Structure formats: C-alpha cells, structure tokens
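Structures for review follow.
Same chain, two partners: chain A is paired with chain B first, then with chain C.
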Partner chain A sequence: MDETVAEFIKRTILKIPMNELTTILKAWDFLSENQLQTVNFRQRKESVVQHLIHLCEEKRASISDAALLDIIYMQFHQHQKVWDVFQMSKGPGEDVDLFDMKQFKNSFKKILQRALKNVTVSFRETEENAVWIRIAWGTQYTKPNQYKPTYVVYYSQTPYAFTSSSMLRRNTPLLGQALTIASKHHQIVKMDLRSRYLDSLKAIVFKQYNQTYETHNSTTPLQERSLGLDINLETKFKSGLNGSILAEREEPLRCLIKFSSPHLLEALKSLAPAGIADAPLSPLLTCIPNKRMNYFKIRDK
Partner chain B sequence: MEQANPLHPDGESKGGVLAHLERLETQVSRSHKQSEELQSMQAQEGALGTKIHKLRRLRDELRAAVWHRRASVKACIANVEPNQTVEINEQEALEEKLENVKAILQAYHFTGLSGKLTSQGVCVCISTAFEGNLLDSYFVDLVIQKPLRIHHHSVPVFIPLEEIAAKYLQTNIQHFLFSLCEYLNAYSGRKYQADRLQSDFAALLTGPLQRNPLCNLLSFTYKLDPGGQSFPFCARLLYKDLTATLPTDVTVTCQGVEASSTSWEEQRASHETLFCTKPLHQVFASFARKGEKLDMSLVS
Partner chain C sequence: MDSYNAPESTPSASSRPEDYFIGATPLQKRLESVRKHSSFIPTPPRRKIPQCSQLQEDVDPQKVAFLLHKQWTLYSLTPLYKFSYSNLKEYSRLLNAFIVAEKQKGLAVEVGEDFNIKVIFSTLLGMKGAQRDPEAFLVQILSKSQLPSENRQGKVLWTGWFCCIFGDSLLETVSEDFTCLPLFLANGAESNTAIIGTWFQKTFDCYFSPLAINAFNLSWMAAMWTACKMDHYVATTEFLWSVPCSPQSLDISFAIHPEDAKALWDSVHKTPGEVTQEEVDLFMDCLYSHFHRHFKIHLSATRLVRVSTSVASAHTDGKIKILCHKYLIGVLAYLTELAIFQIE
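Then we have the complex of A and B:
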C-alpha cells in the first residue's frame, strides 16, 4: 500500500470519533467482518488506528478505497462544510431526462480527467436518489491533494446540486462544466443560498414536506420546518448618529451582517413582538423560503 | 313596719304575726310564680303541640305529593315511551348519515383526486393507482393568493412540478391538477412494474436491475431458463413519454454464440415487442409460465 494512501487513511480514521468508528467502518465495507472482529476497539485510539492500518495494508487499500472512506466520513459530518447550491437548466425543447447513472459517472470523470490529468473522482450513491461525488484536485504536473477535496451532492433528474464551498475557487468553473455536461443540461447557475445544513437547503430548494398526508379528519396546519440557516446581508454601513467614525468616511465601510440561529425563521418572527425591530419585518428577512436565497447584496439606491 | 328581731322578747308577738304574714306573702308569690311557670310551660307545650300538628300535616301533604308524582310519572312513562324510542332512532339515523358522508369523502380518495380546505387555501391529494392497485399518495398545498402559490408538497423532487406549475397553475388550475395526476400516476405505474420485477422475478434476472429515480430508464439482464441458457439477454427500456407506463424505445440484445442462430433472433425480436406492449412484470410472468411448461414437458 502506498505510503501516501496509508497516511491519508490514518488521518481520516483519526478524525472519526470512537463512538462512530464501527458504524463508519461497516458502511465502508472494505474490511471484512472477520478482520474487524480481530480489533480491540477498547484500546487507546492510536493502537486501534495502527491495527486498522495494518488490516488495510493486508487488503491492499487503494486511493479510491481511501476516498470512499472519506466520503462516508463527510456524510456523517455534513455540517463541517458550508454548502452552496447550483441550479442547472436545459435548453428549450430538450429531450426528456433519461438519466443513466453509469453514463453520468463516466462522463463526469472523463471531463475532469481530460482537463486536469491528475484528479481523483469517487462516487457513492445514496438511497434518496442522490449521488455523492468527491473530487481531489491536482494539475497537469502535481498529484491530487487528497486533503482539500470538493464534495458534490447531486440529485439525479433534478436541476440541483449542492457543493461544499472550496478554497480552490479556480476549479469551480470546471466542476460546473462537468456537472452540466454529464447530466445533459445546458447551463449552471450558482444560487444565492448557502448553509452548513444540507437538510435545510433541501427543504428550501425542493419545498418538500416529508410528513405523510393526513386524512380529511385532520385539521392541524402544516408547520414550517425549523431551518438551521444563516441570513447574510452584504451592505454599506450607514449610521444615524452624527460623528460616527465608521459612517463618515470617503468610502463607506462595506460589511457583512450575518444572522444565525438553529431556528432562524422563528427567531426573526419574535423580533417585532419583542420590540427589537419595527413591524412589519423587512422582506429581506422573511423571504427565504419563497425566493430561495439567504445571501443578499444591498446596493445604494 | 318595725323590723322584728325574732329573738327580741318585745317584738315577739309582732314578729310572729309579721313574720307569718311575710311567710304567707312569699308563699303566695311563690305559688304565683309557680302558676306562672306552669302557665308558660303549658303555653310552650301548647305551642309545641301545634308545631307537631303542623309538621304532621306537612308530612302528610308531602307524602301525598310523592304518591301523586309517582303515579303521574308512571302514567307519563306509559305515554312517553314510544316517543323516546323515536328520538333514539333519529339519532342513530343521523349518525349513520354522518358515517356515510365520511365514507364518501374517503372513497373520493379512490377517484385519485381529493382535497380539503385549509386556512390559506386548499390541500389537494393525488392518489395514484396502476392496474387496480392503489399506490402512493402525494399532496400539494396551495395558497390562494395572487399569484397562486404552492406552499408545500410531497411530490418527488424529480417530477417536473415546477414546469407543470409554470405552464398551468396561474391560468388553468384544473389543467395543472390533471397534468400533475398524469405524471404522478405514470411514475407510480413505472415504479410499480420495476419493483415487481425486482421482487417477484429475481430468479430470472442475472444481475441487478439498473433504474433511475423517474423509472424511465431500466436496464437489466435476464435468462428464460436460468439453468440451461448460457448467455443472458440484455434489455434496455426507455420511457421518453413521462405520462406513459409503457416504454417508447426497447432494445434487447443477446451476446454469445447462440445470438446468430435464427431461433434466438426470433426470440430476441419477440421479447422486444412484448416489452413494448405489455407491462414489465406481466412479460416476466409469461416467461415464468413458459418456463413451467418447459419443465413439465421435460418431466413427461
């Protein structure tokens, strides 16, 4: 087993909390039941990790096996990343979407490999008709950096894909291209919607409600889901007070105001009754589900 | 009068008479008192006596009243009983009617399209079915505003709800609902066929069924005779019409030596036709029956 692969697997396993370790290893399904039974999970973590690496060497784990483990870790720890939402569109009069998962995977991989030569692309399908894609980026001359991958969650036969915000911004256009072409769309646009919570983003984008429909006897109204969102307002600082250093500048200070809460919409609704804000609340703060945006830029009129 | 000291010798006789008089006086006053007391006691006794009389009279009146009441109630019951049963019957009839209405409302579910009013608009329920089997239900919660808006829904994310809404929701809500019904029923039907294939005919499949969320692209390999046949058929079914439950394009191929022979070619072509014209699980059911016939012929 390659040293870099061993090191990468080791670092990935070290990140996993002990109480999740067996679940994640089972989901990975790389080490056999027999192998796992030989491990004493009550030892100190370092010893457990050593033993697991040894077993992975026995089975000759490859970089793609390691990448799959990384995807599973990320699926369990989605909130560690901030997710952007991309929306794709077809041209007018396009054929019906006959999505073929095999074709999509091949096409996606090929587009990236043709452009970059050095790239690791891995896929993991979920039961919800979504596919998780992991991309470790390299260049023509450098090997892929396994420690700064981009993750994409694509819901096939919908226009939506969620991607983890990457520091490597230069790869975003290529990623968009690969997604669009492989899924047989024409255009891709980044929505003004981002959050750590994939479930919240899904709720807004798909407007779905998972509860089963009640019978005619039920009179309870459907409730808004609690959305663990932030609202981000990019604006220029204006002050009502005279002689404020921040406001009286040649160029007004640009700032980003962030509203954050596990139950953001509920919190905003309580501002007016609490006397903190004037009612009615600015539509900027309440239009998230309708407009499907949580990132706003306020310009001077 | 002089106070007489009885022990004084001078007033002895006077004391005697006066004392005697005094004694007689007290006696009289005592007897007066006694007779007064007696009188008052007699008066009290008299009063109590009258009270007793009154109470007795009252008791008798009440007793009489109770008797009277009982008698009249009995008479009432005798008269009223038939009326009370009528009331009970009416109540039962009303409850029966209510149950009927509830049942009708539930039955509307089976027509596929039902709805109920909500505080903001209407919640429509679409119940899908295929070949007489009731399948999944989906709902769309509409808010009646200008413009008409979808508040919540349980339509799967890959059904083009937004497209259908963009076309019809504002102008012709009936068209919107019927179009959505079409898509959902067709999707349910395709899904049903794929599920049935996976669950009932796994023995004839030689690999996993490849399917996509809309169930409009199915790809699988199968053998008519899992024991005997050496190479499987490969089938690829495309459903380009999302409102249909039968495929628009079918390709069946067979790799291997036998592929070139005419009998295999005939079979291949006939399978293509079958998949185009009959629901998927029914085609496989006929394969299974043919297999049984083959087995029978081997035995006899």
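Then we have the complex of A and C:
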C-alpha cells in the first residue's frame, strides 16, 4: 500500500469520532466482517487506528478505496462544509434525455482527466437518484491534493447540484463544465443560496421545481428552517440620536449580519408579535422562500 | 456638545492599581453601599483603556504564547489557605496520585483513555498587574504516550492557570496565610477540571465557582477592546445576540469591519485614556440603531451573549479567548475584577 494512501486513510479515520467508527467502517464495506472482529475498539484511539491501517495494508487499499471512505465521512459530517447551489438548464428546444448514471460518471470523469491529467474522481450513489462526487484536484505536473477535495451532490432528476465551497476557485469553471456536459445540459449558474444544511437547500430549491418530489417525501420535515440568512451591508452610518457621530466619514460601515435558528422562518415571524421587531417585518427577513436566496448584499443607493 | 481633544497620546507606563481604575469601580461602589446599607446610586464608572504596563513588558511573549488563541473556561476562586510556591513539586506529585486514584475508581473515564499521565505545576512569571499581586501559576496534565512515534514529552491534555491582576481590593481583606488568586482559567476536558478542582478544594480549603459574564460586562469589554490601539487587526469585530422568544432560539450575529468599529468608537469617545459608562452606552446604541435602520429589529430587547474583537473574545457562559499578547494583562485585569466581585 502506498505510503501516501496509508497516511490519508489514517488521517481520515482519526477524524471519525469513536462512536461512529464501526458504523462508518461497515458502510465503507472494505474491511471484512472477520477483519473488523479482530479489532479491539475499546483501546486508545491511536492503537485502534494503527490496527485498522494494518488491516487496510493486508487488503492493499488503493486511493479509490480511501476516497470512498472520505466520501462516507463527509456524508456523515455534511455540516462541516458550506454548500453552494448550482442550477443547470437545457438549451431551447433540447430534448429531455433519459438519464444514464453510468454514462454520466464516465463522461464527467473523462472531461476532468482530459483537462487536468492528475485528478482523482470518485462516485457514490445514494437514494433519491443522487450521486456524491469527490474530486481531488491536481495539475498537469502535480499529483492530486487529497486533503482539499471538492464534493458535489447531484440530483439527477433535477437540474441542481450542490457543491462544497472550495478554496480552489480556479477549478470551478472546469467543474461547472464537466457537470453540464456530462448531464447533457447547456448552461450552469450559481444561485445566491448557501448553507451548511443540504436538507434546507433541497427544501428551498426542490419545492418549487418538482411537486412530485414533495409527495414522495412527505415525511421529510421542512428543512428550510435550519437554513441561515446572511446579509452583507455596506451602508453609511446615519444616527437619529446624535447627528455628529461619524458625520464626516464618507466610507460606509462594512457589516455582515447572520440570522440562524433551527426554525429560522418561524423565528423571524415571531419577532413582531414579541415586540422585538416592528411590524410589518422588513422584506429582507421574509423573502427567502420566494426569492430562493439566502444571502444578500445591501449598498447605499 | 463639549469639544474634546484629538485621540490621546499614550500615557506613561505605570503599574499601580489606581492607574487602572480612575474613580471608584462598580465593585468598590457596591461594597460601599452594602456597608452603608444605602441604596446604590450609580455614578458612571470609569476604567482605563488597557495599555502595556511596565510589568507586562517583562513577560516573555514566547512563554505566554500558549495562553493565546485558546478557549478558557472561567472560574472565580476563593483564597487558598496555606499554599506555598516552594512546594510546587510536592503538589505535582500529590495531584498526580489523586488523579490516577480517581480515574481508577471508574470516575470520568473516557473510552481509550490512558492512565499514563504527568502533572506539572509551574509559575508564570510576570503574569500580574501590580507588584503586590501574587505570582500566577500553571497546572498541566500531560499524557505519556506509549507509542514510539510520538515524542517523549507527550501532549498536553489539560491546562489550568491561576492568577491575580490588580487584586488589591481582595488582598487587603485576607491574612498572610492565604494566597489570593481569584481568577482561574481552564482548558481541556471538563472531567479533568472537576477532578483537579476537587483536589484544590480539599487541599487548600478554597471554592471554585463558574464565572458567567453578563451582557453589561460584555458591552464594556467590547468597548474597551475596540478602544485598544492595534497595529493591525487579526479578527473581525463581532457581536452575538440570542433571542429567547421564538419557538426555538434565534441567533443574530453582527460582524463589523474592525476599522469601522474603531472609527465608530473614536467618534463616540471623549475622555482620553479612559472609557466611561456613557461612552459604552452610546457605542452600543449606535450599533443598535444602525441595525434597526435596516431590519426594524430592536437588538436592545435581546440578550447579548458573545463579543469578539482582535484583542479577545468573550462568551456569557464564562469563556474567553485572548488573541493579543499586548493587552493580555488588560483583559485579565477586567476578569479579575469580575472574579473578585463574585467571591465577595
């Protein structure tokens, strides 16, 4: 087993909380039942990890196996990332093809490999016709960086893909291209919508897109409540109380306001009856479902 | 409107407690009123803006670097009876034995936890406000790792330190048998804090109490830390309010660019070298009014739970993180004041 693979698996397993370890290892389904039974999970974590690496070595784990483990970790810890939403569209008059998952995966991978030569692309399909994609980016000359991957969750029956906000912005156009072409769309745009909670984002975008999605999943609670609301303000300070404060300052105050709650929309609605907000509520607080945006920029006119 | 001088020049460095408090502090006023059994008539308290004190410049930045950028849980601590700085090695040994014994009893054992630990007591030289303040000291629990790959020293599992910054008002009230270190800061597993707390309480007949920070003091901290001169800012200035009324809580975070926060403060600030209640109130009112203008929400009707600046951040649950070495003593001085108030 390659040393870099071993190190990567080790670091991934170290991130996993002890109480989730057996669940995630089972979902990974790489180490056999027999192998797992030989591990004493009540030891110090370092010892458990040491043992698991040894077992992975026995089975000759590859980078693909390691990448799959990483996807599963991320599926359990979605909230660690902030997710952006991309919306794709077909060209005018284009037919709606039947989606072929195999063809999509091949096409997606090929596009990235042709462009970058060094890239690790991994897939894991889940229910709801969704596929999780993990991309570790390299360049023509450097090996992929396994520690800064981008994750994409694409719902194949919809034009939406959710991506983990990545530091490696230079790869965003290529990623967009690969998604669009592989899924047989024409165009892709980034929506002004982001959250740590995939379920919240799904509730906002899917509610409008596909009525049948809702009826299939009527037991899913309305997750838009755990969405956040971010407002970026750059406005001059104007005080009613005391005209001289910051009167000479030309520059605006640069502020970022965030509202968050397990039940955001309901919480905001309850502010006026409680006397904390003046009624009617500011439109900034009520337009998330309609505008399908949850971050705004306000500037002085 | 009275005119005021342009931003003050740095006053000469001084380490007397009177230079920290100009006029009576809220603590002294409250004590006064209790003694006189009179109703507390608030006159605006004042506090000096933290500056680099003479003593603080003796503190080796490298030695205290590990205190910065860590979250500390705060406690007030009553004076320690018959504590001696010459017995630190002995205390290390005794506490070590106590921890091992407690853990073997099956109390607070976490899965995979190792009993192979080492306890170290050490003094933190220079960590004081006035010469009279007792020396601060540090307790650390280190793991002694079994695995050959890790270095021999092992990693730090838990840290706690005891200090007293400008603690005159408390020092004056106790006899020589007592050592006053009213501020205790802990970082690490809560279970360890509990065990160590128990040992100290038994050994020195003292009492720990969690130190919460109310909205009034958080506002003061925000104003004072915004008032501190900074060469460059490492963090945005941020306030967090919790709204209790909704079915479940709503958190409102208001982050403002630190240069803009400073500009706002400078516009409000009148008295060179010190911060007054009036200025704190006006500073906060400006933020409330700016917010209200856009959102029609009255932040003053909600609960301030956290303030964060490039100097330090503090949470109402009694958690603090200090980011700036230059104002470490200033931050601790305020916290010492709160701790002493809680003890009395």
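Couple of notes before you dig in:
Following the convention adopted for this analysis, the second predicted complex is superposed on the first by the 259 of 301 C-alpha atoms of A that agree within 3 Å, B and C clash if a C-alpha of one lies under 4 Å from a C-alpha of the other, contacts with A are read in each partner's own complex, and residues count from 1 in each chain.
The rule we apply is simple: a residue touches a chain if its C-beta (ideal position, glycine included) is under 8 Å from a C-beta of that chain, and two chains touch if they have at least 3 such contacts.
All values reported here derive from a predicted model rather than from experimental measurement.
By the document's definition of touching, of the two partners only chain B reaches A:207; chain C does not.
Using the contact criterion defined above for the overlaid structures, shared-chain residue A:97 touches chain B, although it does not reach chain C.
In the superposed pair of complexes, A:268 makes contact with chain C only, with no contact to chain B. Counted by residues of chain A touched, the larger count belongs to C, out of chain B and chain C. By the touch criterion defined above, A:170 reaches neither chain B nor chain C. Once the two complexes are overlaid on the shared chain, A:155 sits against chain B while remaining clear of chain C.
Chain A has no residue lying at the interface with chain B in one structure and with chain C in the other. Listing the residues of chain B that touch chain A in their complex gives 102, 105-106, 114, 116, 118-119, 123, 125, 137-139, 141, 149-155, 157-158, 210, 212-214, 216-217, 219, 238, 240-242. Note for the complex: chain C touches chain A at residues 1, 111-114, 145-147, 236, 243, 245-257, 260, 263-264, 267-268, 282, 285-286, 289-291, 293-298, 301-302. Contacts from chain A toward chain B in the complex involve residues 95-102, 129, 155-158, 160, 206-213, 215-216, 221-222, 290. The residues of chain A lying in touch with chain C in their complex are 18, 42-48, 50, 231, 233, 235, 237-242, 244-246, 249, 251, 253-264, 266-268, 270-271, 274-278, 281-282, 284-285, 298.
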